[in-house]
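In what comes next, chain A is part of two complexes: it sits with chain B in the first one and with chain C in the second one.
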Partner chain A sequence: MSATPRAEAPARAPVTRRLLGRQPIGALFAAPYVLFWLALFAWPMGLAVVISFRDYFFAAPGAQVERPFVGLDNYAQALSDPVVHRAALNVAIFILINVPLTVVLALVLAAALNTALPLRTMFRSAYYVPYVTASVAMVGVWLWLFSSGGLVNSLAGGLAPDPSWLVNSFWAMPIIALFATWKQLGFYVLLYLAALQNIPETLYEAAKVDGAGVVRRFRAVTVPGVRSATTLVVILATIVGANFFTEPYLLTGGGGPNQASISPVLLMYQEGIQQGEAGYAAAIGVVLAVFVMGVSLVYRRFVEEGEPA
Partner chain B sequence: MHSRRMRRVAVALTALLVLTACARDGDEEDEAGGEEASGPIDIWYSNNEAEIAWGQAVVEAWNAEHPDEEVSAQEIPAGDSSEEVIQASIAAGNTPCLIYNTSPAAVPQFERQGGLVALDEFSDGASYVQERTGEGVEQYQSADGQYFQLPWKANPVMVFYNRALFEEAGIDSEEPPLATYEEFLQTSRTLVESGAAEAAIWPSPASQFFQPWFDFYPLFAAQTGGAQLVEEGEPRFASEEGLAVAGFWRTMYDEGLSPKEEAAGDAFADGQSAMAIVGPWAIAVYGEVDWGVVPVPTADGTPVEETYSFSDAKSIGLYSSCENRATAWEFLKFSTSEENDGLLLAETGQMPMRADLPGTYADYFEENPDYQLFADQAARTVEVPNVENSINMWQTFRNAYSEAVIFGEAEVEPTFEQAAEEITGLIAE
Partner chain C sequence: MSATSVNRSDPSGETVGGTAATTPNAPSATREGSRLRRVAGFLALLAGAIVFLFPFYYMIVGAMQREPDPTVSGAFPDPSNLTLANLEAINGRVDLLGSLLNSAIFTGGVILLTLVLGLLAGYSLARLEFRGRALVFGGMLLTLILPFQLLLIPLYVMIVRTYGLADTYLGMIVPFAVNATAVFIFRQFFRSLPAELFDAARIDGASELQILMRVAIPMSKPAILTAVLVSFIGPWNEFLWPFLITKEAAMQPLAVSLANYITTVAASAANPFGAILAGATVLAIPAVVIFLAFQRYFLQTDIGASLKG
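Up next, the complex of A and B:
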């Protein structure tokens, strides 16, 4: 009988290797971004959490002011504030309209622009123009389109809502979501175009030989082929949706009518900057950040489910 | 594996909470400068053309005689509002010594931030503010009776009307029927129904905290004979007078006489609106329009000489980051002397807030009769209340007003009562 040799415990790597990995130079290359992330994300985020537990406001350097610790009061206020509830509902409306519309339109347009269309380059540029144009200029055009005497109402005639779109409690949010979808579309089309380049042409040819038509090839080859891009688009569109600010700030005069288009970030701006309630604004911000991270993780699980490892 | 990660997260959160609870409030006391220090200073003034001309002239005159205490002036940096710019600047510690565009509504907030110097700290501070301003100076005192601002100029708001549009609608343009709510409504209906104007009057329906100063508040001041929104810690707008004013505006919105949308430009200058609620600064701006001016309406009509309005005043603040405060104080007095106030009046048409304005500049008003009405109105103005959480208070009021009056989504009385209750809590904090 021979004794079974006991598996030897793996020797612990030296501390430097555990910290810096097998290629320490890699840490050097990553350092600028890590510093950037620490200074512009981690530190402000930590500070926001600290501020959110206080009755905090911005004061002059050196001023002796009272900013007492208030525990979870700011969070309790945020979770019971009807305006925060409205802002959360608006995020849901925005995401429900913006995310599916963005995914479908961007994918269909990218697939179309990936084929040998006449004037393809012009179309590719045209879809990208709204994305690179300043929001303020775009908002000016949309204000003109959707005002009472604007082009849309002139075309709609008796079907135009009263009050008009942007001052109508029901329509203000859908119009904002449509504006954001249209403005961001070019960027997502570009993401899908890049992903489409990775689908081997042979898959389309094989599908064609098997008798698949255009729609079938799109569903069976294109859609699964860009799954990872779809994950990215869905997550990015959700993050943009949860953080929308410019649209209600400019398009509906600061979240109007009567806060029907208020967003959490706009509310943070109003509370923290305009009204000097930085502690409360920070609490809303922390809740929003946790929500976005949670939703992104859930999306990632769902969209990537079934994807080959 | 999971439990180790959970432990790490728990440790990090605990550390953060401990840090949060222990973090020190504020920083060490740091007096930027003493009241005795003199030397070069910076100032900001408003960014409208006429005020820039005035500012440059005053600074040039000062610098010629004070080479060791030179004043450098610039326009206030651009922002959504001056208040936000100043607030950010206070937090950054880079405010200039003097800002000639300080809204009285924001003063309590700037004071709370530790951004302002009490003028009482100068030996002649309080007496200068009181003597120059005269009657009504108490409206500018802080809760503890100090002056953190010098009331500088007023733009008492009145109703401008476009004579050409009134004539087009068949309305008397010399003595237009605009004194009572009923007259004002009937005139508005005639203007819109005749097609002379798209809107009778077009106050901004936006939600910023300061918008009530140009729709509700002037009429409230007139209807109450000079009451502030809050007096002795009690909100006054849910009163019979406040509800009458709100009812008037709600009718204007309900009947489409005032649009619920923001105007693309200046609706009065563009001829889209037949009337506007503005101050005397508008005389220079509306040079192209053949305008007339009347006091704001009241329910039953009030004689001109008894009608109150909102002052739309601006103050001068001396900011705590200023090192050479003695120079700042001397320059503040120099720039608000009788001579330089006269120059302000001549250059901008805005009313210096000094006692006996019509008497002090009698020649000017004789030569410029358009401004006489505003000078008379300046003697009957109401300021914003100098209370804690002032901006928050106005925002709460504006939200209630937007809901119940502009968009008509709630009953006015209960909405105002609820807002009054919230405001009582805010100002008591």
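Up next, the complex of A and C:
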């Protein structure tokens, strides 16, 4: 690879440099990561698509079994399955509750943290604590808070829904969305705080001189200033919304009541691993991944067009 | 919109009417407004902190109550009524120490692998010029964009069915090796070091491996600590993956064994919430303590910016 026969010694260095770069050893340094990337990211990604086109079932390691190619059957089945529709609806419910709540609350708290207030470093840490704590542990507390004889119901009194929150087909999904919002908010507060700190103070001064009030300054300076952070929030919240599993598995007892809080990943677990319909579950995964990437691309484009060059 | 009319919509608006009426001139109105805004901001932060921290407090209270008391007064129990019996109860059903050890091995393995791969790849991406560098970088970006659920079924097929790595630490650990965040942290850090440092070492005849080991790594303690902390939280709290691949209770990390307790055993226990919350507290404490001890590494607001490259 290195030596072209015609090249003389002095000319050779630039050729290899052009071929391999100035420090080809860099490829060797990156190699371990690249190998893991190939084996545990690229390969399974391809495998997901292959599996999704087959009637794929599990066999003992090493056993040769036939897994017939079924074309788009798994996709057709997924797109017409009412449980898949319910899971898609739940992703939509999750996003519709989670995104506006996250954007508003995180922005308000970040704006408050960005002013010189007492104890603000302490507050900043407090918001981050749920984010670094295991979902399983936090679900335990929410199970108790929202159980039929729990604190929330004893506070709500006659307003408590019947059946109780987590076993109520209307309330199960909103509670899951609320849980996820609460748990993740600290991360988004930090994201907005960083964005707010990047807005030059002079912009606010100039707006003030021009006679802009607080609300006007917020809309004309703050909102555009945190626009890229908002895009990131929307994209990340969409990814979280498409990915949630622990909450319906534990908080609402396996996507209950009656699949009302089923999530796509929980469905993939039930169909693919519990029922052994790996091909079907892989097809749901591919559809979901295409959806998430589509949403990310659309938002990104949307923001790049809106941004001044 | 004038400053006074904005003040009226302030959440703490009780006193605003009075000041607005007596201050038609702009300067003092703004000053009053900003003080009210500071009070409102502080109250918002305080309310946020209570909402964020109450579930933690309630988890610990619930974990130590003899009888679950979901009333409001139950949230502020008499200290003499507190007990460690729930800890014994959960320890009777779940091997707490064994599970903690599994969590530690799983987490430690991920951290070790992440550091080795991340330092090598981060250094090569930041400081070495080689063919394919842009490709490696692009591939890494792809892992951030592509959602994990696409890989769920194929990773399960590969690790459990093809390689028979169910109920092994290796099977738990390896999917987490493709961790782009650590590579980014190191790449960003090595890029921030002066180029002369590396050039001087090269002129002195040091090999790239020597430069990495003797120049770059000794200087990157803060980056290493950040990477360790960031890669600690993920696997310590992870539920879905270890849940999928461990069937043997003796191999399960604490998040998985606690979740299994919640879904199966809790129904037959005398004080299920007490035992669940005791387990949740044990699971939560290591992550929260590490977060509180190293807050500034978690809260560096430039991590988000560093991801943009």
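One rule holds for everything that comes next: the second predicted complex is superposed on the first by the 266 of 309 C-alpha atoms of A that agree within 3 Å, B and C clash if a C-alpha of one lies under 4 Å from a C-alpha of the other, contacts with A are read in each partner's own complex, and residues count from 1 in each chain.
In the analysis below, a residue touches a chain if its C-beta (ideal position, glycine included) is under 8 Å from a C-beta of that chain, and two chains touch if they have at least 3 such contacts.
These figures come from a predicted structure and were not determined experimentally.
Q: Answer with clash or fit: chain B and chain C placed together on chain A by superposition.
A: Clash: chain B and chain C overlap once superposed on chain A.
Q: Does chain B (first) or chain C (second) touch A:167, or do both, or does neither?
A: Touch status of A:167: first partner only.
Q: What is the contact status of A:276 with respect to chain B (first) and chain C (second): first, second, both, or neither?
A: First partner only.
Q: Does the superposition put A:86 against chain B (first), chain C (second), both, or neither?
A: neither
Q: By the touch definition at the top of the document, which applies to A:125: first (chain B), second (chain C), both, or neither?
A: So A:125 only meets chain C here.
Q: Regarding the shared-chain residue A:54, is it in contact with chain B (first), chain C (second), both, or neither?
A: first
Q: I want to verify the contact counts: of chain B and chain C, which reaches more residues of chain A?
A: Touched residues of chain A are more numerous for C.
Q: Per the contact definition in the header, classify A:69: touching chain B only (first), chain C only (second), both, or neither.
A: In the superposition, A:69 contacts chain B only.
Q: Is A:147 touching the first partner chain B, the second partner chain C, both, or neither of them?
A: In the superposed model, A:147 contacts both chain B and chain C.
Q: Contacts for A:243 in the overlay, against chain B (first) and chain C (second): which applies, first, second, both or neither?
A: Only chain C is touched by A:243; chain B is not.
Q: Can you tell me which of the listed chain B stretches (91-99, 127-135 or 217-225) runs into chain C once everything is aligned on A?
A: In the superposed model, chain B runs into chain C at 91-99.
Q: Please write out, lowest number first, the residues of chain A touched by both chain B and chain C across the two complexes.
A: The answer is residues 58-61, 143-144, 147, 149, 253-254, 273 of chain A.
Q: Please output the residues of chain A touching chain C within their complex, sorted ascending.
A: Its residues touching chain C are 19-27, 29-30, 32-34, 36-37, 40-45, 47-48, 51, 56, 58-61, 105, 108-109, 111-113, 115, 117-120, 122-130, 132-145, 147, 149-151, 153-155, 182, 185-186, 190-191, 193-194, 197, 213-216, 229, 232, 239, 242-243, 245-246, 249-250, 253-254, 264-265, 268-269, 272-273, 278, 281-282, 285-286, 288-289, 292-293, 296.
Q: Report the residues of chain C in contact with chain A in the complex, numbered from low to high.
A: Against chain A, the touching part of chain C is residues 1-3, 5-6, 9, 33, 37-38, 41-42, 44-46, 48-49, 51-53, 55-56, 58-59, 62, 68, 70-72, 74-75, 116-118, 120-121, 123-125, 128-133, 136, 139-140, 142-143, 145-158, 161-164, 174-175, 177-178, 183, 208-209, 212, 233, 236-237, 239-240, 244, 255, 258-259, 262-263, 273, 276-277, 279-281, 283-284, 287-288, 291-292, 295, 298-299, 301-302, 304-305.
Q: Applying the document's contact rule, which stretches of chain A touch chain B when the two form their complex?
A: For this pair, the touching residues of chain A are 46, 49-50, 53-54, 57-69, 143-144, 147-149, 163-164, 166-167, 169, 253-259, 270, 273-277.
Q: Residue numbers of chain B touching chain A in their complex, please.
A: Counting only chain B, the residues touching chain A are 16-17, 19-21, 23, 25-32, 81, 83-84, 87-88, 90-93, 95, 109, 112-115, 198, 205-209, 259-262, 264, 320-321, 391-392, 395, 399, 402-403, 406-407, 409.
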